[in-house]
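Each of the two complexes below includes subunit A, the first together with subunit B, the second together with subunit C.
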Partner chain A sequence: MPRPGFVLDVDRSTPPTLFWRGENFSLERLPAGRSRVIYPPEPLPALKDIDGAIRTALLHPIDQDPLPAQLFPGMRLTIAFDDVSLPLPKMRRPDTRQRVIEAVLDMAAEAGVDDVHLIAALGLHRRMHDYELRHALGDRIFDAFHPRGMLYQHDAEDYDNLAVLGTTDHGEVLEINKRAAESDLIVYVNINSVPMDGGWKSITTGLASYRCLSAHHTGETLQNTRSLMGHREHSALHKSIWRLGTLLRDSGPKIFQIETTLNTDMFPEQFSFISSREWEWSARERATYLATTKALSKVPVKMARKIFHSIQGPHQMTSVQAGETSAVHERTLAKVYEQQLVHVEGQTDILTLGIPFVCPYNPDGVMNPILVMCMGLGYLFNMYRNKPLVREGGVIIMTHPTYRDFDPVHHPSYIDFFEQVLPDTTDPVVMGQKWEKAYAEDEWYRHLYRTGNAYHGVHPFYAWYWGAHGQQWAGKVIIVGGDPSTVRRLGFTPASTLDDAFEIASDVVGRTPTVTHLHVPALLVADVH
Partner chain B sequence: MADQRSVPLSRLRQMAKIGDAASSALQAALAPVRSLGFPYRKPTVPRGVTVPEPAPSLGAHFDTDWARGSLARAARRAFVAGPMRAAVQWLASPAVSGTDRLADLADLDPPPALIFAPNHHSHVDTPLVITAVPEPWRSKLVVAAAADYFFDTRLKGTLAALALNAIPIEREVTSRTSSDQLRRLLDDGWSVVIYPEGGRSPDGWGQDFKGGAAYLSSRTGAAVVPVFIDGTGSIFGKGMKRPRRGRTSVVFGAPLRSADDENTRRFNARIETSVTALGDEALSDWWTARRRAATGESPRLTGPDHQGWRRQWALAERRKLGRAGQRRRQKRRWPDLG
Partner chain C sequence: MSRLVFSRKPMRFAAARVASSLMPGRGAAVGPLSLEPDEQLALPSPEWVRLRPRLAGICGSDIALVDGTASAYFDPLVSYPFVPGHEVVADVVDDPDGARRVVLIPVLSCEVRGITPVCDACAAGSVNLCERAAFGHLEPGLQSGFCTDTGGGWSNEMVAHRLQLVDVPADLSDEDAVVIEPTACAVHAAERYSGRHTAILGAGTMGLLTLAAITVRAERGEVERSGPIVVTARYPEQRRLAKELGADVVCAPDELPRWVRSASQSLVMGDQLTGGAADVIDCVGTSDSVQQALRVVAPAGNVHLVGMPGNVTLEMTSLWHRETCIRGCYAYSRADFARAIDVVRRFSLGRLVGATYQLREFHDAIAHAANAGRRGTVKVAFDLRPKEGK
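Our next item is the complex of A and B:
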């Protein structure tokens, strides 16, 4: 039986705590008597018969007819699936998407369906490399569909292949992939890593146009998204998405949503020290930690990055449900919370976050400074329900080298964003009004997004907006170990060591602040009361 | 010159005397043993008595238990990982796919014993399968080999048992010895490779599946993994004098178990259908294969019904689709246009 997550009160006998520092780790001692560490629950057991569970979900969906009953010869079937941003690190083969889509295609073959298209639901993310598609879908699907042009990636800028389905009463335009819009049935295959994902967000962002996305991906919306991972009614983003989803349900094609949840078994056995509790480290784990950190500190960053991005996580499936989108998503959320929720009493003055080598926007790429901000303030800060872990006006301390390094293939517009927009303003609302349009409509970025492997020109803005609520909430943000000039460009304060950071924070929170550390991985959602 | 080359007569006489003396000495030395007789010597058989045949130790009765001892296993593991893998790679350049279908079972502790059921075209099949089967099964794998072919002499049997972990199976009759041994091995966690066709293809097309794998699975509960091998027939098919390098593919299918209401014959038919579908998958693509399998239109491994040249003609067409065929197409020479 896996142990639930828990909150450790740090005392003098508590061993130092593991912090991510990009492509390395450190052990840091937190102040005794006023610090606590939130540990995630241990991974839930995986489904015993995964393929059997998938088949059962397809044959007994929620609030819909069984999938075989919805398939018939001559129909247009579109299967859309989540892109490479999920899960992290990438999943050991066979990937969940492969398992589910193979099961769906088996049923389609039995029903005599010929017209099948598979679309990677990228939204404005970068196109997946062929090897990534092959990894996610497996050789069988890739070899069967890709050469025939029946497996391809969504293009949010191809207006000939986008269709407007209507407008919500808030003026949001619902514009999605034309092939999907004109299909007899869309089957969406989702991986739900965090509560923010899934539900109507899958199609209304993954298969949407820039025009559709820009309605809710704004600085104001994200500032008013007070619960990205928790209650939907406190998230302006999700309220907008659910309005679009309702419109899609009423005026769009039939949708068969398949959602899956994974446990938090994110790293292979060799790296067990990452997710183990420090006082339980075995001699082997201690030796591994020492060897890993020493070795990583000696090798060039590029090599360390390559090593980390080559890791494949076990990521075992804990549930699969299919059918009507809203009903399916409620069950998915319950399962995600069962895995990730940790009860926490009260807020804290200082929240410390170790920033890893990867976030959803740099698989196989560089964690550039904007993504450090996005990961810290956009994702980890938002991993709460009810209220943030840190009090309003408190301090957030992150540990990351924050080098001024960008991936020119994946993140070309991020480079200009860093050099042009950030020196001008770090305010999400101001930059949205002043700069967003120019980046979104830039022909070169559009070309790179459509034909290369680049994120859309507007994507650095969206990454920045993701941290808008955290940026507004925190009184000060400090990055430990980061390149000072880069950190200052982000609008944050650099510090050399964690003790220095506590010293700097004392200006805001006093000499004896309470400290809370979010121990990631694995993923957890703090249920703060 | 002639006189110088010939041996003098006196010398020959001398050598003959030495030979006689040596022979006499040997006879004298053996005299005590000869006088001892039985039991130091073979007994004579009384007249009118029929001596029963000694208990057979060859064929299906060849003892191979020693080949699963720790020393033999270590030696075999080194042999498989080194020379055998290198030889297979050099000779057959295999492309292995479908091992992800076994990933769930590999995660179980302990991993269950499986019955691998490939089609069979060549002696190359066995080393190919042994090196292609993923761990944890590879290191605990026995191969059911024809008792009348591999275990007809002690030397062949010993080599087959040591190098391949082969165990003797009677092809034509259902031998209790063979089936009991296989059940015992499966119960002990050993996985088994059984060729349901019973032997190599005589003409390049597949043969109907015999029920051995299905029967064993029904009795032991072990899952059957259908396996399709393509290309080995043109590397070292039956009747070829020496092997010829080529390219092969090995496709593993999803594990199959007999349903509660399924008899051995039907289960065997399902295994054959799965291997047939894998064959279609290897030669076309997965989606085409699935659609054909759903409508029962997968191209049969046993080939067309007609005989003679048309059957061979169809075989050549099929081979063009496989990996071996791909390579041949790539080697096409273009005309020199100056």
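Our next item is the complex of A and C:
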């Protein structure tokens, strides 16, 4: 029986706590008597018969007819699937997407459906490399569909292949992939890593155009998204997406949503110290920690990055549900919360976050400074329900080297964003008004997004907007161990050590602040009361 | 009383080159520049007068000379030994009209050299293009400050032709006056400004002054700014000044291609932009800067070399393929000085003089000038004014 998550109050006997620092780790002592560490629940047991569970979900969907009953010869079937941005690190083969899509294709074949297209629902993310597609879908699907042009990636800039399905009463234009819009049935295959994802967000972002996304991916919307991972009614983003979803349900093609959840078994056995609780480390885990950190500090960062990105996580499936999107998503959320929710009493003055080497926007790439902000303030800060772990006006301390390093293939517009936009403003609303359009419409970025493996020109804005609420909420943000000039460019304060950071924070929260540390990587949602 | 003299000493010149390769400005300590006693120069003709310099600037071309990196091209255009210093504000000695403070137009044109008839360029007023710079009754000399007969500003006395003198308005300080000559160069360069998208490489003295001159032209309505001006600057003080003097964008040199690309909405082929800036004004003059200029200039655009380039190595295929024009931009006409005074006054450019030295401190002065940007300075000058109480 896996143990639930819990909150450890730090005292003098508490061993140092593990912090991520990009492509390395450190052990840090938190102030005794006024600090706490939130540990995620242990991984839930995996489904025993995954393929059987998938088949059952397809044959007994929620609020819909069984999938085979919706398939018929001559129909246009589109299978869309989540892209490479999750799960992190990448999943050991066979990937969930492969298992589910193979089951769907088997049923389609039995029903005599031969007009099947598979579309990677990228939204404005970078196109997946062929090796990533092959990894996610398996050799059989890739070899059968890719050479025939029936497995491809959504293009949010291909206006000949986008279709407007309508406009919400808030003026949001629903514009999605034309093939999907004109299909008799869309089967969407989702992997739900965090509560923010899935539901109507899958199609209305993954298969949407820039025009459609720009309705809700704004600084204002994200500032007013006070519960990205919790209650939808407090998320301006999700309210907008659900309006678009309702429109899609009423005016679009039939949708068969398949959502899956994973447990938090994210790293292979040899890296077990990452998710173990420090006082329970075995002698082998202690030795592995020492050897790993020592070795990583000696190798060039590029090599360390390569090592980390080569890791494949077990990511065991804990549930699969299919059918009507809203109903399916409610079950998914319940399962995600079952795995990730940790009850926490009250807020503290300081929240500390170890920032890892990867976030959803740099698989197989560089965690550039904008993504450090996005990961810290956009993702980890938002891993709460009810209210943030840190009080309003408190301090967020992150640990990451925050090097001025960018992946020119994946993130070309991020480089310009860092050099052009951030020196001008770090205010998400101001930058949206002043700079976003030029980046969104830049012909070169369009070209790289459409033909290379680059995130869309506007994507650094979206990454920045993701942290808008955290940026507004925190009285100060400090990055420990980051390149000072780069950290300042982000609008944050650099510190050399965690103790220095606490000293700097004392200007805002006094000399004896309370501290919460979110123990990542294993994902958790703090249910703060 | 003393003066700095540059002599023909090849071994010392070579030593300066080696020393400066280790640390720019170190050539002064080992090179052929030396502090020597005063020597009164003969007046070449009755049109000539004696000047007593007040301030004399240290220019990039002076540093190249002292550091042994100047091109051999100049050999026939200078006469040894000579006293450097061509950015000069001085008092005229024994002027019949009383006290007279002047700046020097250092170009030694046909009229100054007593050559009649004057060459076509001088006849057209383009004294900077004089075809007789090594002829006439003077020894060869590109400008005062490179000619053995005229002396130069790095001394307590030099001689100049009356046509070389421009009176300094009373409202300008000596510091303002000493930057009039480089500002005249900048005014000449700014004449090339088309109003279209322009990149200025370098925010040292020439980069900043060219920017200031362009801004004044635009303010006067002589040219309409239809595209942004992007300036590269390495150091914080340069960035601050460039913004103040009218740059739309100030960026680090390695950021320039990306700024130009986004401003011109170009695509990229390898390292080459498909579009680019219509005009690139290179105020650095190194292989890297000229190469970068070719990388960011638009097809059929113009690269203007304002900084003295010396020996550079270039990959010029793009120049051929894109029909780019590289054009030098040297000095000024007499009329440019009047405009330069207006530019200096408009921006109080005397504040660019960040440090002054006595002649005996020339090692420090040259080292400072060679590292001015890093040390937060734009212009360094020798202060030759008599000290109070002496």
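Operating definition for what follows: the second predicted complex is superposed on the first by the 529 of 529 C-alpha atoms of A that agree within 3 Å, B and C clash if a C-alpha of one lies under 4 Å from a C-alpha of the other, contacts with A are read in each partner's own complex, and residues count from 1 in each chain.
What we mean here is this: contacts are C-beta pairs under 8 Å (C-beta built on N, C-alpha and C of every residue); 3 or more make two chains touch, one makes a residue touch a chain.
All figures in this text were calculated on a predicted structure; none of them were measured in a lab.
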Query = With subunit A superposed, do subunit B and subunit C clash or fit?
reply = fit
Message = Just to be sure I read the superposition right, which of the two partners does A:W444 touch: subunit B = first, subunit C = second, or both, or neither?
response = second
Touching partner for A:D139 - first (subunit B), second (subunit C), both, neither = first
Query = Looking at the overlay, what does A:E110 touch: subunit B (first), subunit C (second), both, or neither?
reply = first
Inquiry  = In the overlaid three-chain picture, which partner chain does A:Q420 touch, first (subunit B) or second (subunit C), both, or neither?
reply    = second
Inquiry  = Going by the contact rule set out at the top, does A:G475 touch subunit B (first), subunit C (second), both, or neither?
reply    = neither
Key: Greater subunit A contact set [subunit C / subunit B]   = B
Request  = Once the two structures sit on chain A together, report how near the CA atoms of subunit B get to those of subunit C, whole Å.
outcome  = 34
Key: subunit B/subunit C common contact set on subunit A   = none
Contact footprint of subunit A on subunit C as seen in their complex = 249, 251-252, 255, 258-259, 261-262, 265-268
Request  = Under the touch definition given earlier, write down the residues of subunit A that touch subunit C in their complex.
outcome  = 415-416, 419-420, 438, 442-444, 447
Task = Can you check the complex and tell me which residues of subunit A touch subunit B?
result = 46, 49-51, 92-94, 98, 105-106, 109-110, 112, 114, 116, 138-141, 143-145, 147
Query = Within the complex, which stretch of subunit B touches subunit A?
reply = 97-98, 100-101, 103-104, 107, 254, 281, 285-288, 290-291, 293-295
